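Both complexes shown next keep chain A, but they swap its partner, so chain B is in the first and chain C is in the second.
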Partner chain A sequence: METMSPLERILRGLALTLVVVFFMFPIFWIFLMSFQTNETILAIPPSIVFSPTLSNYAALITGKLQTAAGTLDIAFMSNLGNSIFLSVASVAVSLVLGVPAAYAFARHKFKGSEDIAFTLLSFRFAPPLLVLLPLTQYFQWLGLSNTYVGLIWVYQLICLPLILWIVRGYFEDISADVEYAYRIAGHSWLATFRKIALPLAGPGIAAAGLLAFIFAWNNFVFALVLASADKQPVTVGALAFVTSSGIQYGQIAAAIVLSVTPTLALALYAQRYLVEGLSLGAVKG
Partner chain B sequence: MTDTALLIKDVDKFYGPVDYGVHAVKNLNMDVKKGEIIALLGSSGCGKTSTLRMIAGFEAVSRGTISLAGKEVQTLPPVRRNVAMAFEGYSLYPPLTVRENIAFALKASKLSQSVVDEKVAGIAKLLEIEDILGRYPSSISGGQQQRASLGRALIRDANLHLLDEPMGQLEPQLRALLRGRIKHFIKERGLTAILVTHDQTEANALADRIAVMEGGVLQQFDTPQKIKERPANLFTGTFVGEPPMNVFEASVSGSESKMAFGLKDGVRLEYAASDFSHAVRDELVKRQKVVLGIRPYSVRRSADGVTGRVAVNQWLGDQTHIAADFAGGTMVLVEHDRTQLDVGQPIGIHLDPSSLHVFDGESGRAISHGQELA
Partner chain C sequence: MASTETLKRPASGFRISRKMLPYVLSLPALLVCIGILIPFFTAVVYSFQRYRLSQPWARQFNWGENYINFFTDPAFWNTLKVSLLYAGLTVTLELLLGLGIALLLQRRSTVNNFISIMLLLPLMIAPALAALMWKLMTNPSFGILSYLASLIGLHDFRWASSPDTALLTVVLVDIWVYTPFIMILLLAGLRSLPTQPFEAAALDGVPRSFVFFRITLPMLTPYILTATLFRLLDSIQQFDIIYAMTQGGPGNTLTVFQVEAYLNFFQSTNVGRSAALLIILWAITYTLSNVFIKNWLRLRERARGEA
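On to the complex of A and B.
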């Protein structure tokens, strides 16, 4: 990197700080809110000096929400569990189905292969509300509404196209000759897929899986319509904080902190794979 | 049949639907004997790599059969054909070191570790890559990767070794050195190899026979010497040889005592009838139009020859290349001494009838080479 003048360095630092503040401030503010009671949150003017309380977290974990109208049962922890289960299972199913499909689309061009791939992608740009109504009907007939299987199935609309298209690109970046070289040395097609294609596309698959996980985690409408209370993820469960006696800002903030933690942790952990995935071209040789 | 390593019979390759797609290889017939080194020579897009990939099993054969050691293999997957291949793009496995990459090719053969080590060491010595065995493909040069890839193919004990442009990335000195070593290595072990190349020097130096391809069609399949001395058609004649053969369209007229070729711009080449055999004369006078070809090395300067005018005179350090305007085209001469000729100066050109190649004006097929019929 070329050397920068002190002024440039300062301006650069300033710009970076601005960006970080812009993106991190809401999270930081929510983090602070999660340790405050509704009264201090709603105080005017707002202050960052307050006596922290863990009552919001306690309420979430015990599932007892104290409101002016009495004690409310909330299922936040089970919602969180649902979110984790639904997202992990959906991504797992998508990976099992999508990675071999992506490989097939990348390596074998056949009549109509582009059309099939594009149809799968088109699931991503159909508005969810458009498919929800017929889907609800079908799910009721099939007995799939309010089941984990049904939800994971619908979540494939979100995860599968994403994984398919991202991973396909990574497979296409791997020179087919590397696989040919392996096959000609006496290995089967399947062994080549497992030993050469999968490891080489590994960072890409990890990146795609992470992205699909975040999309699945953030999903709201599908779960809102197709699942009842005991199967709902946090995105839907958070609605419970809007109570008849007011909005529980403190608990909402605590709930947000708890629900972004898994995705944030995953993203931080997978960061190196993401970077590796993006620089795949450098190791192709 | 045991001494035939490879037999290609009536093979067609279409990319896209059969009979409608791109016709990359057209009705190919070839046989390769055990222990032979064959070069597939041609410009890019001539079908040589498609042919190689069909033999390896990476491309489906649209029509026809390919047999390895007497067994039809065109429907078998690569793993069951027992062929080794060095890829043009090297195709080393990035997570493995050069040593592991080369040893990897032996994994399926289940040799003991000490035998593998010994073989890898031998190949590394042959290809001058001993010092990079511990390195990863991404940290070595293209030429080194290419040698590693070549080593991975040569180390195997396969029915057939396919080498796709195996030395394209190497420096000239190293290439010349390795050519000799690789040929010796292949011959010593009695291996059979097919080499794809666009470099004639490489083809000439390595191959027992050369298959010249163009437009998906096998033009000629013969020894390097035959290809040079008796090109089957105009394409082979002009494609093989450096600098390329001089060619001129001509009309033929013959009488009892004379044989004459009329070139453009009124240039006339006259020979005694006895300069050509009866058979050749009979064939030549049947044709209205022919193409005369002569190698630059065979063109002589002579005071009583036909006049040309020097257009370029280049001394290449060991030979002189003279290009002269001649009969509406260019005649290239090669001389071994440094020749003092100025541009624009007239020179007499003599074309010895025994060095003349005559091709049919329509089909391009060879009619005669000197005194002999093609």
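On to the complex of A and C.
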């Protein structure tokens, strides 16, 4: 890299500052808003100086909202619970289904293997409603409407391709000779898979699992179409929340903060793997 | 791989023939695959039917009528126009912005690495929740952006609730969420480029604009193509941001494909039209994804080769 003139240095610094402000400000502002009452939120001009209150979070956590008209129940904590359960269960199912398949695709070129792998990949890009709308009717016939089982199944649409393609790449990176040597020593295929392939691909599997979790958590349309209020995750719940009466703006902000914290924390933790995961293994970070 | 094929099966309690093994391993994933293909074919059938949830008795095949009707249906042309406009605007702006930011952050330094990690955060926020965040910020009575707009003389700037600025507002949210996606792919691409051509160019005193257009850009093209197609495929089917922000409104300003199909299905209960819309959208994304997959495979091969 060549040296920069002072002017260029300043311009670059300015550009980067603008970029950081644009991308960070909304998060910062909503975070501040979550500690404010309607009184300070509605003040003009807006100010970042206010006495912070935890009342918004308290209302969400206790599920009881005191308003002039009386006490209002908020189901936000159950939305949060649904998000956690749906995401964890979907990723677990995806790992159980996807890791052996990824291994098969990485190690054995069998008839139709690429076709299956690409069909799964194409789900990543098909319009979700194309599958969801007919599913509403199938789910009614099957008794899966508004059930966790039905939702977890549909969540495989996003989790499974992600797991399959990322983990497949990690298995391909393991030299087949290592496994061969272990098998020569008289170990079964299953033992080789468990003792050699799985541990070596372990970090990759964990990263794929974290990413699948983030994608499942952030999904909106599946539950919007297939779940009623009691099964809805935060993404859908928060939207219903905005239109419910008596809600304070600070509480909406607090609900958003609670809803995005898990994915932001995981993203920071797994940032090393994000590039690879987001490009389904096409670009290494 | 040949070595494993010729390997004699060691003694074990697990007796699945070598030939069957890969099928057994991928069977569960395959079943899920089939479970998803069935509704897809059902949607194809719906799209050739006159089918309204409110009049189930009148359900019958009308063959291509749902599709033929689109030609004379201004609502369909509006959907097509808004979808293409949305996808075109978001992807173009995100590409320019993402490339610019990636170039700014190209040099590895503590500050640059920190910023690039921070910029990932919007991408990790659920798009539906991101839309809510911007909804709070553009609220006419207390939104900070409405206030800022009024400071520069734009009094009563209505953001997503005015038909004139609704598209601009959702595009802005999309840019906020997805520019980091393009940025990190291009940044990874930039940092993986071989250094020799750049060193040679620096030694020869080649002007920097020349280096950028003749060396950087051509070498980065596969990354740019992959990132662009990735985004295009998602953007043409955007639902979360638009639905959470305006439900397709005001009026039919933002009735992109998936929003229109959703409203058709659940509000006007016109299943046939809804399915036909989604099939058209699927045809567009299928064509795009074939181009995409070719590119993506090439990049993937390269990434695996470097591993």
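What we mean here is this: the second predicted complex is superposed on the first by the 227 of 285 C-alpha atoms of A that agree within 3 Å, B and C clash if a C-alpha of one lies under 4 Å from a C-alpha of the other, contacts with A are read in each partner's own complex, and residues count from 1 in each chain.
As a working rule, contacts are C-beta pairs under 8 Å (C-beta built on N, C-alpha and C of every residue); 3 or more make two chains touch, one makes a residue touch a chain.
Everything quoted here is computed from the prediction, not taken from an experiment.
With both structures placed on the common chain, the touch criterion links A:Gly143 to neither chain B nor chain C.
Of the two partners chain B and chain C, more residues of chain A are touched by C. In the overlay built on the shared chain, the residue A:Ala181 is in contact with chain B alone; chain C does not reach it.
By the document's definition of touching, neither partner reaches A:Gly63: not chain B, not chain C. Contacts of A:Arg107 after superposition: chain C is touched, whereas chain B is not reached.
Of the two partner chains placed around the shared chain by superposition, neither chain B nor chain C is touched by A:Gly81.
By the touch criterion stated above, A:Pro52 is placed in contact with neither chain B nor chain C. Once the two complexes are laid over each other on the shared chain, residue contacts for A:Pro199 go to chain B alone; chain C is not touched. Applying the stated touch rule to the two superposed structures, the overlap between the chain B and chain C interfaces on chain A comprises residues 177, 180, 183-184, 186-189, 282-285. The touching residues of chain A, when paired with chain C in their complex, are 1-2, 12, 15-16, 19-20, 22-24, 26-27, 29-30, 33, 41-42, 44-46, 96-98, 100-101, 103-105, 107-110, 113, 116, 118-123, 125-135, 137-138, 153, 156-157, 160, 164, 169, 172-173, 176-177, 179-180, 183-184, 186-191, 214, 217-221, 224-225, 234-236, 238-239, 242, 249, 252-253, 256, 259-260, 263-264, 266-268, 271, 274-276, 278-285.
Note for the complex: chain C touches chain A at residues 1, 3-4, 7, 9-14, 16, 19, 21-23, 25-26, 28-30, 32-33, 35-40, 42-43, 46, 100-101, 104-105, 107, 115, 117-130, 132-137, 139, 141-142, 144, 147, 176, 179-181, 184-185, 188-189, 192, 202, 223, 226, 230, 233-234, 237, 239-240, 243-244, 257-258, 261-262, 265, 271, 274-275, 278-279, 281-282, 285-286, 288-289, 292-293, 296-297, 299-300, 303-304, 306-307.
Interface residues of chain A, counted against chain B in their complex, comprise 175, 177-178, 180-189, 196, 199-200, 282-285.
For chain B in complex with chain A, the residues that touch the partner chain are 56-58, 77-79, 81-85, 87-95, 104-105, 107-109, 137-138, 145, 149, 152, 156.
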